[in-house]
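Below you'll find the structure, written out as structure tokens, and then a few comments.
Letters A, B, C, D, E and F mark the chains in the order given here, with residues in each chain numbered from 1 onward.
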Amino acid sequence: MTTSTSLVYLIALPLFGATILLLAGRRADKWGHLLATALSASSFGVGLYQLSQMLSRPTEERAVGQKLFSWINVGTFNVDAGLLLDQLSICFVLLITGVGTLIHIYSISYMSHDENRRRFFAYLNLFIAAMLLLVLGDSYLNLYVGWEGVGLASYLLIGFWNQKPAYATASKKAFVMNRIGDMGLSFAIMIAFATLGTVSFSGVEEASHTASKAALTAIGVMLLVAATGKSAQFPLQAWLGDAMAGPTPVSALIHAATMVTAGVYLIIRSNFIFDAAPTAQLLVVIVGAITLLFGAFIGTAKDDIKKALAASTMSQIGYMILGAGLGPAGYAFAIMHLLTHGFFKAGMFLGAGSVMHGMNDQVDMRRYGALRKFMPITFITFGLGYLAIIGVPPFAGFYSKDLIIETAFNAGGVKGILLGSTALLGAAITAFYMTRVMVLTFTSKERWEENQHPHESPILMWLPMAILAIGSVTTGFLFTRGDALANWLNPVFGEHGEGHEEHLFEPIVVSGMALVAVAIGVAIAIMKYQLSEVDSVAPQNVSIFTRIARKDLMQDSFNEAVFMRPGQKLTSLLVRGDESVVDGAVRGIGRTALGAGAVLRKTQTGFARSYAALILIGAIALIAGIWVVTQ
Amino acid sequence: MNPYNYLYVSAILFTIGAVGVVVRRNAIVVFMCVELMLNAANLSFVTFSRINGTLDGQVVAFFTMVVAACEVVVGLAIIVTIYRSRRSASIDDASLLKR
Amino acid sequence: MGLEDKLPSGILLSTVEGLAGYMRKSSLWPATFGLACCAIEMMALGSAPKHDISRFGMERFSASPRQADLMIVAGRVSQKMAPVLRQIYDQMTAPKWVISMGACASSGGMFNNYAIVQGVDHIVPVDIYLPGCPPRPEQLMDAIIKLHTLIGDTKLGPNREAIIKEVELAALNAKPTIQMKGLLA
Amino acid sequence: MTTYSDPYASSRETTEGTVFSVTGGDWDSLVSEIGESKEERIIVNMGPQHPSTHGVLRLVLELEGETVTEVRTGIGYLHTGIEKNIEFRNWTQAVTFATRMDYLAPIFNETAYCLAVEKLLGITNDVPERASVIRVMMMELNRISSHMVALGTGALELGAMGPMFFAFRDREIVLDTFEEITGLRMNMAYVRPGGVSQDLPAGMTVKIRDVVKTLRKNFEDNAKLLIGNTIWMKRTEGIGYLDLAGCTTLGITGPVLRSAGLPWDLRKMQPYCGYENYEFEVITADTADVYGRFLVRMAELEQSLRIIEQAADKLDKLEGQPVMVADKKIAWPAQLALGADGLGNSLEHIREIMGTSMESLIHHFKLVTEGFRVPAGQAYAAVESPRGELAAHVVSDGGTRPYRVHFREPSFNNLQSTSAMSEGGMVADIIGAVASIDPVMGGVDR
Amino acid sequence: MTTAELLGTDPGWIIAVKAVMVFGICVVATLMAVWTERRVLAKMQLRTGPNRVGPAGLLQSLSDGVKLALKEDIIPAAADKVVFIIAPIIATSMCFMAFAVIPMTGVVNLFGHKTALQLTDLPVGVLYILAVTSIGVYGVVLAGWSSGSTYPLLGGLRSSAQVISYEVAMGLSLVAVFIYASSMSTSDIVASQHQHIWNAVVLFPSFVIYVISMVGETNRAPFDLAEAEGELVGGFHTEYSSLKFALFFLAEYVNIIAVSALATTLFLGGYHALPGLGFTEQWLGGWFTLIWFFAKVNLFFFIFMWLRGSLPRLRYDQFMKFGWKVLIPVSLIWILIVASLRVLQQEGAPRSAILAFAAGVVIIVMAMSSLVERNKEKVRSADLPLGEAPNFPVPSLPNVQSINVSGGK
Amino acid sequence: MLTIQTPEAVMFWFLAPLSVIAALGMLLVKKAVHSALLLAWVMITLAIFYIAQDALFLGIVQIVVYTGAVMMLFLFILMLVGVDASDSLTETIPGLRPIAITAALGFGGLLVSLIGRAKLGHDAYGLTAANSEGNVQGLAQLLFSTYVWPFEVVSSLLITAALGAMVLAHHQRAVPRATQREQAIARFRGASLGSAAGLPNPGVFARHNAVDVPALLPDGSAAPNSISATLKARGDMLDSAQFELGEVDNTVTEEK
């Protein structure tokens, strides 16, 4: 593998920024955001440089690595802290640093009134560093460090306004649920180390050819658990909605574009494991399918613009997971959808932030309406993102989502039909709720409260939105042109580049079906919200489905019933057992001892020296014993 | 001369220390006698190390020193605390264990 | 005193005497004993760059009387201070010298009253009396140099004892004050 | 049976046994009592012969570790009986005693006394202007020499050797000037009731201006040695705190008072010797600590130099005017110009009193042997000495000798603040605090 | 051949000769040091300094010593006689012993025998010096205790606490040297500096910490609290007179020379010439190295004098605070940094990583130091504090124009 | 195989008796400080023994740790706790001393005879081989490989002990001590200004200067608050009556 010495700068630059900003304290208030943005941008620069380097090399030498230092060196267990930049990583690197930089720029303006803006930027930089470490690590252990790092940064950022108890709780919830996923990852690493003896990607890949299926399945399932945690997939999805408590740029960066996709990255990075463990792969597909519907349903019922977008994210990541679970055929499409999604979703979140900015931090869509006139730029950029996400050609989402649906149908047999239909249904619902968002926010009638003065956001805010909008228009076309992305990524997925070629439907048919589904969804939404009156307060007498959907499909109640209650029961049982059995025994012993003590205390004088003399005599007895024995 | 002679010295010093602990009343002197015993033990360790031709004995002696230092630090702190409250450093006065 | 007293008399002793005297006079550490006006002039001798007592190796004013050789009683000695002064003198180690600096220390000066000891020689033996109120630093320097000569000529061992006997005899033979009939008789 | 004595519980014996009646205590006082456990305290005697107690001051310290909990000041080791002695001298001779009190500021002692006597005599306005100007100049020079000792020894006591030598270098310059004017370095008895004992030597003002120039340059060096030195700041800042309330309660004056922020300077508040005709500023600080006093003294040096320069200008204008009151009943009869033999009075003077006027001779004889008479009454006159308000309270029964002279000595009053400034600080802070008071034991004990 | 092997071949008589030479050098150096100090200080204070005894007063310190020997020897009644006598002996002998491992020259020809002017070369030479000085403290503590009076006891306690605390800082500052030289032997450390660069350059923070703590360790101004004349009269030696006091005096100066010599050895390349001057073993090697050695020792001695001439004394608590809260943490952090750098180097990390690490550390240190600066708060106010009014009336400020020199209103 | 050189034997036979004598002395002397000094001497001889037995590093560390730190700590505490109190050597617990001495003799005898009988099965090896790369290096090798776990444990023990000692010896004040500044401010705002200028100093004019002698009031009686309350509480107070001037006439007559 080629080595490169400048990989470390990718991580070091934002990390350096975070360190400085955190240590410098208030004195950095004046220039901290600029430094952070500059460092993030220069990291992006380094990424571009790496890309150019990579392009200049032949395909098989494109992956580069850098060994930093020898991290763990115990007996046969050697882990180097090393970085690996291959075609897969570079996609992520550019996404993270690129979108990250845009969001930095956006935040300069968005957070300008917050007195802790410097701290915010420090966390942002920290997040970027951690995320880069995640995608650049050359072993599961290094990835784990980054994994935990983004968890920490996410926790800090969600709870950024931790003065409000609700926000602090949200960040705690995210942290704890992520922890469950993290346990999965750590188990996976442990199992990998125990059975395969190595934790580096290359080592595991090599060993996966010969390893037992059971072990690989276990690793795969554990990795899936990890992925569901970080990517908010069923059943660990509940935190994402609450995570919207953080500042909007955070939602855009972390909970739309980058961190939540870490699970997808993990699964695709571990493609060799899933390829060798079909059971695990099947689970992946199931999780993806469930989540995409799950998220879509939630999305239809949410009135909070950010929560609606979050649900959408959940659903879109479901698509990616679904794609990733479809095996080699889907990897590239999952990544493609990931990238395009990164653009349009980040753009939409920023748009949502812009709307909130203009509406005094109002998040209830039922209180919006007709903002098109007041925020034209936001409307256009948001609209472009909207068109992309619902999959209208030629916008980016069309290409990526369409390909996943197609691949899903191609999975073969009943499975293929089930998955394909699910994906299709998901597309329809997506179209419905996204249109709902669009309509409620921009085109329907005004439903503002008093004293609202909607206005367009400053240039620093709309510029990133515009750039992202351009991305959401063009990327899909660019990636699919001559299968550019798929070919680019091919070396990562090794030998089995070409998958099965049997089509259930012709691609054009699938596209048509998808477009029809989208059209239906859009039509319903327009009928329901554009053409009829919308209440400015959510109506209560609605169907059971809506109610359940509003409650996030009962996910919290589910957690409570399945995990919390039994846990409490168990604990109280243990307490009772402790009190009666253990304490009883102890007390009994105590009582016996007291009785004996009452007898024995008469022999005690309390003089330390007489005790010492006794000890001495005891020692003599002991030595005399030895003396006699060795006679 | 052979290295066993060091062991004899060690044994004698240890005994003296033991007697001191029993006989002396000043808590600090008692403590010093304990230190003497530890030192005597150390001498044995070092001698054993030499006799056996490995350095393990010295390592153990090294640990003993650290433990002795800990003991002294805490012990003396206790003595000072006792002295503060009772104006006496005699261990016979601190016979509260009896009650 | 130190080991020099163990020496027998003779040429060796006189050589040692010379050497010891030279060493002693060239390293004369004063005790800080400032009392009043004269103390300031004493400090001026020690501290003013113009005078600079350190040329004689005397800049080490010794705070502890144990290490001092010379007590400069600089200023008026009150009745209340007298015992303190004597105590300090007693704490000094032999050989020790006393300069009575200024009129007040030497004779009570202008303060002939209830409060002031009329001359510090009532309390401690004085080697040099230095007049002036207060004496200028140069005068004090002169006194010190005179003391140096005195120290240089100090006898040791048997010679010293002989001199002590001689002085004592002279004192015994001197006419009692009560029998004196005027300054010259 | 053992009896217990408990401050909070008294007991009495009854037929049913011992009955305790608990009185209880104030919790706060209990806590503070516990807080002030006196178990680990030691008593240390400092002085009267100690290198850092400014002469023969005695301090009895109670220490808890390194912290001072109690300070008692012992004085009287330099009691000289000066006030008593003055009662047995005539009005003029008393000056020679007064000058020896605060031996760092002899001119101030003399001036305070003479101002009081002049007040009693009612000749305050008859004192020639030249004499007043000379007095002012001498006082300001003396202030410099006194502050130099305060700063030098203060620094030495805090362990800095250098400043001591630099300060004494400057002090020597001033003392040389004194010697040239009065014939003596210290204890000059130069100021007399009615004027000063003799006029300045010829060309003195030029020399004075030179001296001022030299001193001004030297003071910059001295300031550089200490101001800004971290250790010096640490040893002085916040040490020996005494606020304005403390100062006024204890009657403290001078730099210590001014360091607490009160611009109280007798030269401005109750001008004497024509101080109202000079341009100068009162120096204050608001830190109320050792550092503030140090700064005040440093800055006062410059003000003194300014006054001296103005005085020198005035002296040039008053060249040739008398320096003693015109009243021959009071003025010392001699002109004190040296005779041809280098001793005694000038031949002209002798010729005049011996040859031409019998009355002159008698007058001379009476004045010298007996002194002038001062009307019965009492007077109080104060000057701003380097240490604060130095005043003489003079009582006359109409005779040729004072009935009683009492001096209000600033060192004595200021020394009262020692325990307030030291208690609660560290041992080493006492040294700084005492040095900042700058007591002169000669003045305290008199 | 390493110095240790070279010294291993010394016959007994050479060792004896060298021991005498070391002793002689120490004593003569002390006499010279006392004289130099008095002269240099005098120059700093615009004075002349001793110039009467011998040429230019050179014999001044000799006459001081002889005079002290000729003085009466008092053992106070309250003193513990045996300990009172042992204390100065311990103090003096221990500081001489420290010199045994100081390499004063390179290879020299001593009476036709090739050797180096270093008594012995222990593999743990520097530790040995620490051990010996730690015994030397006994002299001070016991002197203070045995005198049986308050000031000496306070002085003894102060001085021992001071020496012990500053020995910790000193020991820690030496660790960095050990790490860089990979040895605790003095001659190895000198040799490693000769091969690379002086430790004073690479390990500058260690050097600074060492220099500060060596002043503290020897009880010299501005850290001369144990014998602070202004507070404790003479500290632990208040009750000592005559030869016993002379021994303390000697011990103090030998100690100064010993720590200076150690500083020279550990940080300034020992007896080697300044690098880059073209001095070699052949040309101006041998005995000339002794000159270099003493030139460097004198440099440190000059620092001692300079400090004494220019600084006031610290207060005890400030001094201890400085030792425990500044010097020791700083040296701990510095050791961590040095160790990390060293490991990075040995593990073959790229230069950029090392530089980045170093830069990061520098920035962190700067950030932290500026934080500390910020917390400084000035206490100033002559205003009456809130709360109870004073019992005695306080006048309102008179309407007099005044200059406030402390920067207030 | 180990052969012991003559110099070492000479050193041993010289120092071993000295160390035993010093240890005995430590047991027998009355003053605790002397005990401490003798123990320090024993420790130094042991250090020399270590060095003689090829344990150079340990020998030096013994001096640094034991003599330099531990014994210094002892001296410190001795000075804090009753500086010049000599201990009484009389036994207070009846029968303890004979038991102790007999036990000690038995213990020592048994130990010595055990050592005499002990057989190792091989001759002493000596440390030449183990120290071939240097004693320090050898020790380091062991410490940081085989014994790394105990090493870490012991280090944490040391930190815990240091913390524990600090907590134990820390003198918690019930109320924080007022600073000089606070005291100075409070002083002039209290109920009474009677002691604002400080308390009177002790001593009788020209007769006795000690701090434990109360000053005399004008009527010739002792001034109670002229000596420190601490001294009074401890009872270290002389009667100043012996310094009174009995013949002082306190009657005031009108002067004519």
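We adopt the following convention: contacts are C-beta pairs under 8 Å (C-beta built on N, C-alpha and C of every residue); 3 or more make two chains touch, one makes a residue touch a chain.
Remember, predicted model here, so these are calculated numbers, not experimental data.
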Contacts common to chain D and chain E (chain labels): C, F
Leader among chain pairs (count of C-beta contacts): B-F
Chain closest to the middle, measuring from C-alpha centroids that were averaged per chain: E
Centre distance in Å when chain D and chain F are each reduced to the mean of their C-alpha atoms: 48
Whole-Å gap separating chain C and chain D, where each centre is the average of the chain's CA atoms: 31
Chain E-chain F separation of Cα centroids, rounded to whole Å: 26
Inter-centroid spacing, chain F versus chain C (mean Cα positions, whole Å): 43
Numbers and ranges of chain C residues touching at least 2 other chains: 49, 63, 80, 84
Touching two or more other chains - residues of chain D: 50-51, 76, 165, 169, 238, 243, 245, 249, 429
Per-residue multi-chain contacts in chain F, two or more chains: 57, 61, 69, 93, 96, 99-100, 103-104, 107, 111, 135, 181, 185, 188-189, 193, 205, 209
Residues on chain A engaged by chain B in the complex (per definition of touch): 604-609, 612-613, 616, 619
Chain B residues within the chain F interface of the complex: 1-9, 11-20, 22-26, 28-29, 31-33, 35-36, 39, 42-43, 46-47, 49-56, 58-59, 61-63, 65-74, 76-81, 83-84, 89, 92
Of all residues in chain F, those that touch chain E in their complex: 31, 33-34, 37, 40, 44, 56-57, 60-61, 63-64, 67-69, 72, 75-76, 79, 83-84, 134-136, 181, 185, 188-190, 193
Chain A contact footprint on chain F (complex, rising order): 93, 96, 99-100, 103-104, 106-107, 110-111, 113-114, 117-118
Partner chain E, residues of chain C touching it in the complex: 1-4, 19-20, 22-24, 26-28, 49, 52, 54-57, 59, 62-64, 66-67, 69, 93-95
